[in-house]
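Two complexes, one shared chain (subunit A), two partners (subunit B, subunit C).
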Partner chain A sequence: MLAYIIKRIFYAIPILIGVNLITFMLFFMVNTPDDMARAQLGAKQTTPAMIAAWKAEKGYDKPLFYNAETSGIESVTDTLFVNESLKLFLFDFGLSDANRNIAEDIKARMGPSLAIALPTFLIALVTNISLALLLVLFRGSVLDMSAMVVAVMIMSVSGLFYIIAGQVLFSKLWHWVPISGYESDWAGMKFVLLPVAIGVFAGLGSGVRWYRSIFLEQINQDYVRTARAKGLSEIAVLFRHVLPNGMLPILTGVVVIIPSLFMGSLIMESFFGIPGLGSYTIDAINAQDFAIVKAMVFLGSVLYIVGLILTDISYTLFDPRVTL
Partner chain B sequence: MSLFFLWTDILVWALVAVAVAGGGMLLRSPVSRQKWVTIFRSKIAMASSIVLIFYLAFALLDSVHFKVEKPDGGAPIVSLLDMAMAHQKDFSERTYSAPFATHEYTKSIIVDAKGESIQRYLPLKYVSSGQMLSGSLTGLLAGALIAFLFIGMHLLWRAKGNVGVHFNAVVRGRTQLPWRTAYGVFALMTLLIVWLYVMSFSYHVLGTDKVGGDVFYAALKSIRTGVLIGTLTTLVTLPLAIFLGVSAGYFRGWVDDLIQYLYTTLSSIPGVLLIAAGVLMMQVMMDNHPEWFASTIERSDLRLLFLIVILGVTSWTGLCRMLRAETLRIAKMDFVTAAKAFGVSKWRIMARHIVPNLTHIILISIVLDFSGLVLAEAVLSYVGVGVDPTMYSWGNMINQARLEMAREPMVWWSLFASFIFMFILVLAANLFSDRVQQVLDPRNAT
Partner chain C sequence: MQQAKWFVTILLLTMTLQATVWNAPYPEEEIRSNTLFSVFSSPPKHLDPVRSYNANEWTFLSQIYEPPLQYNYLKKPYVLEPLTLTQMPQVIYLDENGSEVGIESPEVKFTLYRFRFRDDLFYQEHPAFVKRRDATLRYGNLNDDELKKIHTLHDFPKQESRRVTASDYAYAIKRMAVRQYHSPLLDTMMQYIVGLREFSKEVTKAAKEHFAKGERLDLREFNIPGVKVVDETTLEIRIYGKYPQFLYWMAMNFFAPIPWEADLFYQQKGLKQKNISLDTQPVGSGPYYLAENSPNRRIRLLKNPNFHLERYPTLSLQEANASGISRSLLQDSGKRLPFIDEAVYSLEKESIPLWNKFLQGYYDASGISSEAFDQAVQIGSGGSMGLSDMMKQKGIRMVSSVEPSIFYMAFNMEDPVVGGYTEKQKKLRQAISIAQDQEEYISIFFNERGVPAQGPIPPGIFGYEEGKKGTNPVVYDWIDGKRVRKSLEAAKKLLADAGYPGGISEKTGKRLKLYYDTTATGPDDRALMDWRRKQFAKLGIELVIRATDYNRFQEKVRKGKVQLFSWGWNADYPDPENFLFLLYGKNAVVDTDGAGINSANYKNLEFDALFAKMQTMPNSPQRLAIIEKMLQIAREDAPWVWGFYPKSLALVHGWFKNVVPNAMANNTLKYKRIDPVQRYEKQQAWNRPVLWPLLMLAVAVLLLVWGVRSAYRRRQSRVIRKGEA
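Now for the complex of A and B:
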């Protein structure tokens, strides 16, 4: 197990280098630092001297991959790629274009992101699985059919409408919860309720459909027939046999997103004014702050790879047939 | 007046040509012909495909552009849809007005004859009131006529001589394909559209926005953006996914390792962030190359094209993974071994023996991805990395309208329009793709 995990972590290194290379190419080769300087300083009235000064200030004045002016190991290390990209491996995100410490910002903003993302994830998981099991229990009935129709309809509405409708109904018309904002202690509950409720509802359609199809795949298997033949009630069959056997596909889809919960939700956070990583990213995109976007891309990839490793580990916990 | 091709126009018509050719090839084999008949035997699939055809028709109508030389030296680029809607495109009100309203939504201060300033709802400039009844009658009559003509023609064509027998079968719903449902949906859609169109000559049927632009026109123009993003992205995705997926599965070894490495790396980057990074770069690039486009419409078109390419390049990995797995399976089968023994070349085996056996996966992924892409456009526009802000799109409409909900009283019609237009399209696409998946996926064959 430990050997497997270490092996997987080593496998992750080339992938992360690849991620770095892609972002590096996007950010430095398609657009040279000169272009970035012009974009940051304003288009027309920039002189070559101003551009050079901006580049020197940001450390963007070095060559891309190979520095001919220095010798020895320096000719490879004193380059943009090593300075701007490989440093990320040490989680040294450097300063944003607005000269703020990115690592500090990320640390401070993880909490609010999790305060929304974690409850949404857990509540959605429990609701979706319970509803799916209920529908599988009544499969083929009018309830099942009409629930599927409703599920497709829920899926067909853009998430933006749920947020807007939720804010108008619950905050503007009925004044149940404040429209946006955030507090970090328990008083902040009132800010969290609506985004979580909307997040759960928006994912209801696709979630219930997905879990239902997983359970339906199991329901016609031989072991289910055997269980029924033993005289088990349908509910016992569902909970004792179908649910555990559906665990593997569920884990495949679910565990991988758990680490990414740290990244928060872009849309939800910016609509509700939550100072998390999602709104941080959106602000960076709107301000064209490349350093932050680059850091978030790297962080996202790391978390995704952690998710993949966790998925494999979770298999061994839930399925005794799997050994690593 | 001369034909003018935007980049996306060329691509969308190329896609139509590819789809027609590919469809013809698919239907030549009796097995897949039977599959498609099975798909359309479902009433829901038939109804939703009729709705999709309407959307597609509007998108294509909006993809034929002309350059109109004006006497004042300007040469605007307008589409067929713009020409049909010229009465709304070229005239705008001053500010908000509700659907079918005759006066503005908010009071303005005016100075009356005695020199006193009073608050009053000003009448709209381009609305002729009192046309409700006569306009509706004209619209519904014209709609009924058009629907009757098309349905009648189709009936006669399908009847192949036995008009009476066939008509009876249709009315009782006893045809092989559910034509009764198809005709019903077609008639309903035609009536609605023609009625709205006729009414749009005397009213703003879905109101006007902040600067007085007609919301109905904006929603219609947005169809092209949504449909194009949903369809053209696949045009970028497919070649990449098919070529890389099949190569990886067939050659294995280092080719497989390399391609697997490529798609694992790409898919480990969070999708929205990768798209955002791509779009940010594209913006800077376009700012530095103003010579690439001559007008605003060409600029926004180029941006749409780049967005589609970026979406395509970031979204081929899932399909590629599935195609690789399926190719691995097929490549071990006897008919491939036989082809190898006959000395058929590698590329020919891949093109003639493997790819045709992957069509169901490809088709399922095309229809499945469509609705997701249409919805993604709205989110991307909100994040600020979507289509050009000057371009008509549902995402831009939502983005502009969401602040209007805070107004007192609420301005709801822009959101309503984009909601309805998007919802119908995505719902139809979802229902259709469900059916396609149900029939084509071999796992459901039992």
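Now for the complex of A and C:
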């Protein structure tokens, strides 16, 4: 397995270089270093001297991919792309264009993002699987059909609606929880309840439908019939046989998103005042802060690759037939 | 009996639950304390006073730093007064040889400002001031082991203070000169402070060398020829020529004192890596200090125990009437400042949570978003604004004022169609100006929060005039004591005189097509763009909207590749020069490599000559006469459709006192007062939890569980019976 993981890590390097290259090209197609300087300096009158000083400090006075003023290997290495990319591969994100330490900021914001994303993920997983099993237990019944209609209805409504409706009902009208805010200690639990509940509810429709279809595929398999023939109760059949065999496709979709939980949710965090990573990239794009944009795109790519590797590893844990 | 017990238990539980408030976002002891709860909508990027030039940053910075001057909190029109000075600066005019001459003398070559500072100014407690016995900085050279233990400034075991001296004010100007610190004021000040330009080159070079070697730059080793520290409490600044507006800059944070110890302390690389820098952790002598800076969540200011003696302003009855100050705002006159012990600002990016928390009493004040406008404000038949009944019942007050700002639509005067200075070209612009119904625009898109502009100078600034005298005769008629927009027929006649009868060009026979550049590209902006097209269509002119991103839009304006566009300006200081220079020919954006602020590229020699004369004059009837002449020229030339002056509206709870709109003063927290007892009582009354939905939910869940369980049992037993059969 170790050899497989090492191989996958090596495969990841060209992918990350490619992602980085595309990020550079797309960003500088839209923003010039002069535009970035104006956005960062934010003055009413931005003089050429101010712009030149800012670019020199940040290294944006260097050419993007090819430095015609130097010769030999330096014409490629003494460029913005190489200088900034090398640091990324060492996980040195450096300072943002507004002079804040990006790694420190990511560290500070990861916790609040996880405080929402992790419980939402775990509770949603358990709830969705439990409800899906329940519907499989009553498959074809009125309960099953009504639940499917409700699931489609939940899926059809925008997540933003749930957030606003949740805030209006539970915070504004019934005064159960604060509308927004965050505390990092246990006293902050009341701030997390509503966003987690909304997150779980908003994902209920799609989650239950998906898991139900996975379990329905299993329910008519021969091994299930054998289990029933042994005299097991339907609940025992579902939990001991259908659930473990249905885990493989569930893992495919679930494990891959675990690392990206760190990245947070833009709308949820924005509405609930959670100081997480959700808006970090979008704010950076709006502020034309390339240092943050490239760091976050790189980190997102790394986490995605890690997710895929974890998925492969998890297969071996749940299915003895799979070896790496 | 058993049922009765259950009933009593549930009743008691319900009463207990209802007795407490669940939705308070702050701990109860904090709510009961003398703390202000407010918001900020975007994280401050820079808190270094030499660099920061943004209203959302100055909200915090101005409570921490103290420049030499400040605006009187209550007086209108805006008046400068000493803040850290014992008296207003002494102004001495000098000739080429440095001899004193009169203000009117043509020999004036320099102006000398002499600042005498108070001797009771002390900085907040800070680790930078801790010194060893040999006078070296205790935390000036932190090693790796020490740095490992440091995450915030609170992690330093010792903090000390020291007296503010005149050399700290000089040090701030020296920092401004270092290009690497990106001060937005440097290029302006270079034109005035003697020797600053050369000094800037010298220290910028030195900074480059020092920073490249990883060394720190100590600016005490350098001196600006025009800035002289006479003694511990006296500073002299010499500027070229006469520039009376210089004093207004002295009320801004750029000129607040910077202790050299803090500058050197924060230049340590290890601290920068931990986001501890002068840009994130200010060191000031003001009424508050920054206790917590979590820009993505919360910013907390605490009362500075070292703050000097300052009292709430006192006004005479006559001054109060002239400034529109009610008696209740004078109740604290003469009392020591500040009143509030702590201010907690939370980041609220969305308007819905902000508004609802304000209604619940968890924020002491709020603006009014367009979504909440109808809920908060009632518009009377005469267009007057008042609070809705719901707001009145909650004891909420409305504070409103016209801001010293202007939004306008500019014609690019370099454009061959809409620009130019011939009679025909003027008439085209005048016709378009009449057709743009600003009153309708303000009503539809700004909920009446604006005043149609009559020229570039907004209310509250010297040169603005009310009534017929202040009316733009090109666009309005004065009928029965009121301004009435000229008729569309008048506009059409002007258009015909301009060579476009009915919007058709006499030369080409084609319909006149104009281009409007804008960054309003979202779906929400569609109504606004439709309205714009309609205004031009009234004259038979076709308006083409060219939507673009902000970078390209700015580039087009800088290069003069636009025809029509909208722009705005907020006053830096309350002087007409700060608005009229937007039309000064030498500031034309195309002639200044994009650095000028005359984005319409308006150039009128007579206007420019009058501007040069008016610029250095004190406010007087003579200056007003010149301004009136300038306005007459500008109105006639119509380089802008004058647009409107925005109105600010804020809502404040009954327990929040001494709230006065003052667009120029930023250091206003010290004057404000909270009644925490009243706030706590109101919050408790407004936020009792509603429990019946919770009970219903519990019952519904129980029923569902019971139903599923029964169904499962029925099903299991049905199968068994079948087998038995």
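We take it that the second predicted complex is superposed on the first by the 290 of 324 C-alpha atoms of A that agree within 3 Å, B and C clash if a C-alpha of one lies under 4 Å from a C-alpha of the other, contacts with A are read in each partner's own complex, and residues count from 1 in each chain.
Just so it is clear, contacts are C-beta pairs under 8 Å (C-beta built on N, C-alpha and C of every residue); 3 or more make two chains touch, one makes a residue touch a chain.
Keep in mind it's a predicted model, so treat the numbers as computed, not measured.
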Which of subunit B and subunit C A:S171 touches, first, second, both or neither: second
A:R38 touches, of subunit B and subunit C: first, second, both or neither? both
Subunit B versus subunit C as contact partner of A:I282, first or second or both or neither: first
Which superposed partner A:L114 touches (first subunit B, second subunit C, both, neither): neither
Contacts of A:M153 with subunit B and subunit C, given as first, second, both or neither: first
First (subunit B), second (subunit C), both or neither touched by A:F161: first
When both partners are placed on the shared chain, which of subunit B and subunit C touches more of subunit A: C
Which of subunit B and subunit C A:R100 touches, first, second, both or neither: second
Footprint overlap on subunit A, where subunit B in one structure and subunit C in the other make contact: 30-31, 35, 38, 43, 164, 167-168, 172, 288
Footprint of subunit B on subunit A - complex, ascending: 14-15, 18-19, 22-23, 26-27, 30-31, 35-36, 38-39, 43, 152-153, 155-161, 164, 167-168, 172, 260, 263, 266-267, 281-282, 285-286, 288, 290, 293-294, 296-297, 300-301, 304-305
Footprint of subunit C on subunit A - complex, ascending: 30-32, 35, 38, 41-50, 53-54, 57, 95, 98-101, 104-105, 108-109, 112, 134, 137-138, 141, 143, 164, 167-169, 171-182, 187, 190-191, 233-235, 270-273, 275, 279, 287-288
Sites on subunit B touched by subunit A in the complex: 261-262, 264-270, 272-274, 276-278, 280-281, 283-285, 287-288, 371, 375, 378-379, 382-385, 394, 398, 402, 405-406, 410, 415, 419, 422-423, 426-427, 430-431, 434
Subunit C - residues contacting subunit A, complex: 21-25, 27, 45-46, 53-54, 179-180, 182, 184, 186-188, 204, 272-275, 277, 279-280, 294, 296-297, 346-350, 352-353, 356-357, 359-360, 362, 549, 551, 554-555, 572, 593-597, 687-690, 693-694, 708, 711-712, 715-716
